[in-house]
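One structure, pasted below without further comment.
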């Protein structure tokens, strides 16, 4: 299966490497980036034949069957629509867009074209979270009652990024909103969120928050929480717990090694993995494998366009709850 | 130090045994219970000289310096007032009472009499939670930002008890409200709570809930959650996590042994301790040790009358939040 | 059941307290110690009616049904013989004696008198080791193939004690020899041991070793190891692992609390319990409970006189292996 | 750096993939296998230009700078000598050979040619074991006193393989002999080993054993053990513990995920990784990275020819100890 990768930034390079080297039945025929040298450099190191700064031309190439959209968020919708029109299957990084009207345009184009469309919520494919989902699906812990998601970054992004990020809920918590839906397999109807600036006053000056707690009420009766911080000094902290009528399941962080040391002061181990690309390394390969399989078999993708839209609604509801200090129903979010 | 134990039920027996056998500098000179045979039986097994069904007479005995009130909640205030008037130091099980006006009467009597008065929030003295508190007090994890309390019973109480319990918030969550204040060392200003019946419809018929989630906003900026269930099939689940600017601390459950077994199916261990008396065994001894020390040294007790009052206010705020589906400030609770 | 406790040292006090306060159906009618003030002090604090420096007179008292022998090792045999002659049941601390001829005299006296006789190998009653034994007994890990015992003290005894201790094998490893037989339920036929002085040269000067490794060949084909050190800086290290055809079981140390802290440097917990009396606290109560039950029901004691003799043979075989640098059969040990 | 891979079996394919795809500065110009279709298939899937059944011709190709020898053990020495003569750097799977005279011929040829020569003891590069080595190197646990290696396979090899394997010590334990030297950084002087057939009588009929325990005495005073079984029903069990004057360090197995489930029966997790290629996945990449670095920088390889020879001597000593039931010095092994 022949891919074009759009965007040669951090995540673009990872997907290009997976498609060029890791998966046996895929290749990358072209890579595009508005900054041409970036595209050229990645092309060279991965032996990709074509690099270009003309993204639209790359999308339309005859030797491209599918595109992986890894460009900045504000360009997603345009490229989705172009790729759909050109009949290319689409893998797109999250979020689709920050505005629902835009998202709906993209979804419409995809549906009209009848191409496959998968959103890059890679964490669903992480072995830890996939195991938790499986437990719930198979009834290993009975009917779920309570969910807790811990999702803390090792450090805040640059303030320049914070200013244009759309805010913590849509930039960071969006992953957790997807995780909540994925794990529980039911829709959230209402969100109550509380947020603070505890890490860095500059984040407040940029109009954002860095510490947050959201409560989710699901249609199936589950109550969930999401715990977010922009700065966990001990590393990337990504855990979940689901409690149900038949038990509970908890996932832990990943560590660089399994060694425990006991000295005269304490029993200790090395810190958990710090960098998200390392923490989620396997999930990037597995999600593309799943996308390729869906395209080749004509089966539904595991993360649909609707799965890309709902977390944006959730992020908007959470944001409104923070602003109004009251629970907000998802049905209140109309744009 | 000479004690009278009031009430020879489950917790009364435990305190009687601690005061009669475990602590080297205390003895129990009398035990009272409205059902005289219960008092007599405990007296016999612990070699307590006097047993009686006349609680007031026992309180007033000359050879009694302090009382441990372990009777039903509705009798607490009366015995507190009587004991205070008689100049006896008072250890009283929680809650003081379900009504603030009653509690205030009791606190007033205690203050007037100048006797020591400690509330039986024993979990503060559990080695796991005490360790978490110490970490926060000593700055081991920096400034706290987020708190999570998991508090799940192994099974619901009898429906007959549920009906008169005052509801889950004041009957069960009250311990967690105390734990939250104890760990963070700051007052809660606002509570948002969600509750469901997921365990047993009979609990709904009795007018109560069995699954709940509360969000606490503290004066010092910490955001906390309490997760409650009346039925964790794997045992008594009592854990906390505190996250701060310098790290996090998590406590786990206690287990009957440390063995892990690996077979062809899984790697497993035995279930955590199921029974609260076993789980919190040590804490009952340590809390009475602390009370006796405070009396003997004339120093403040570690759990004051005010510490007994505030969680009742919190329970009422949580209950109101459940009823109104909005966050409720503690300042809204006036009775 | 009325006990006399012989010896008011560290372990004598523990057994006296258990028999006087912890077990509901036992009492201590007398306590003896060659140093009378020690006996008197313990008697006073536990309200034991009689204290004395005349051990033989105490043994023979009419109001004594059983004795707990907690005196120095060189007096054990004499007191066993006296107690047996007087028809008293006997609980005796390990080792019975350092010489087999002496041990055999004691066992003969016990058999002749028909009294119950239990050896104080308390670790068998520790919940961790008891759980491992249960796994093996019930076939939870299939047929055992390999056994590992880690047994490291937090610090060496005083050199003055080392000189008269009989050597590390009989003083310290003897517990592990018993543990090996207890866990596997088969006799050891041959031992190969290696020993070094790594902790303190003064131990070498005193003619002993402080670091050792023993290999045990069992009659049922199991191969076992014992790892000993006199000094583990992180605390008392007492673990076992048994591997079999159906899996493995491992036990860990006990910790003062369950809290884990994560900071910017590491993920850590507090050190394991350091003091053997704290680590094995429960086992002292359970072993006496088992002794009392055996006496009252006329059933076999869980740790017999033979169980007291065999580990002494094993210690002698291990010592000889160290001296000769070759495996030594237990059948080679005749005195 | 241009490689030829010799042997297209399981490990040959892994190294070919690493050199062709994983390392950015290496390529595979040819692959050889006596069974040509195997070579051709791997060549096709990895886009290797040349495949051949003529191993010697491949070794001598001008576009080959280094060879990775992944053929059957009995061919190693011949290919080492040929490659050395042709001036190619050599990465060779373990063991070099089963006979010391043969090994010495190979080492001589390598030395004469002045090429780099690294042995494939990949476990040294596993993050868990590398962490343990680092602890010892940096004094994190003080001076080492005791070492334990647990090394159990998930299942025995086919009996046809057992017959030609050279026996468990040289086929399986050889990895652990290397690990022991690597971790402790000192030579073993004497070995005592005990072995049994507990897994499958057919292994006895094939003249081998399946369960073993070896004791190692190191020149620096450390005492070590190796625990081997051909069948751990719960998966691949590869752990070490080192105890020293300043503490201990323990490494655990790797698991497919971090999830723990608690139900009404137990608290459990999924079994550890079962397959050695999965368990040691990272180590295969890291060892070749290290080899390439050593060649490119002209620095010593991390696993030398001598490191390949000594474990063979240790295996022979262990085998002799099993046969003679006594400790055997390495100096006794002359051929």
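Each chain gets a letter, A, B, C and D, in the order it is written, and its residues are counted from 1.
Everything that follows uses one rule, which is that a residue touches a chain if its C-beta (ideal position, glycine included) is under 8 Å from a C-beta of that chain, and two chains touch if they have at least 3 such contacts.
These numbers come from a predicted model, not from an experiment.
A.B. asks: Could you find the chain whose CA centre sits the greatest distance from that of chain A?
C.D. replies: Taking each chain's C-alpha mean as its centre, the farthest from chain A is C.
A.B. asks: Is the number of contacting C-beta pairs greater for B-D or for A-D?
C.D. replies: Output for the comparison: A-D.
A.B. asks: Report, in whole Å, the distance between the mean C-alpha point of chain A and the mean C-alpha point of chain B.
C.D. replies: Distance between chain centres, rounded to whole Å: 43 Å.
A.B. asks: So how far apart, in whole Å, are chain A and chain D when each is placed at the average of its C-alpha atoms?
C.D. replies: Using C-alpha averages as centres, the distance is 40 Å.
A.B. asks: Can you check how far apart chain B and chain D are, centre to centre, with Cα atoms defining each centre and the answer in Å?
C.D. replies: 58
A.B. asks: Would you mind listing the residues of chain A that make contact with two or more other chains?
C.D. replies: Only 232-234, 246-248, 262-264, 270 qualify.
A.B. asks: Could you please specify the touching residues of chain B with respect to chain C in the complex?
C.D. replies: Per the stated touch rule, the residues are 21, 24, 45, 127-128, 130-132, 135, 140-141, 246-254, 256-264, 270.
A.B. asks: What part of chain A is in contact with chain B in the complex they form?
C.D. replies: That would be residues 142-143, 145-146, 148, 152, 192, 194, 196, 198-199, 211-213, 215, 217, 221, 223, 225, 227, 229, 231-234, 237, 243, 245-248, 325-327 of chain A.
A.B. asks: Touching chain B in the complex: which residues of chain D?
C.D. replies: Within the complex, chain D touches chain B at residues 232-235, 262-272.
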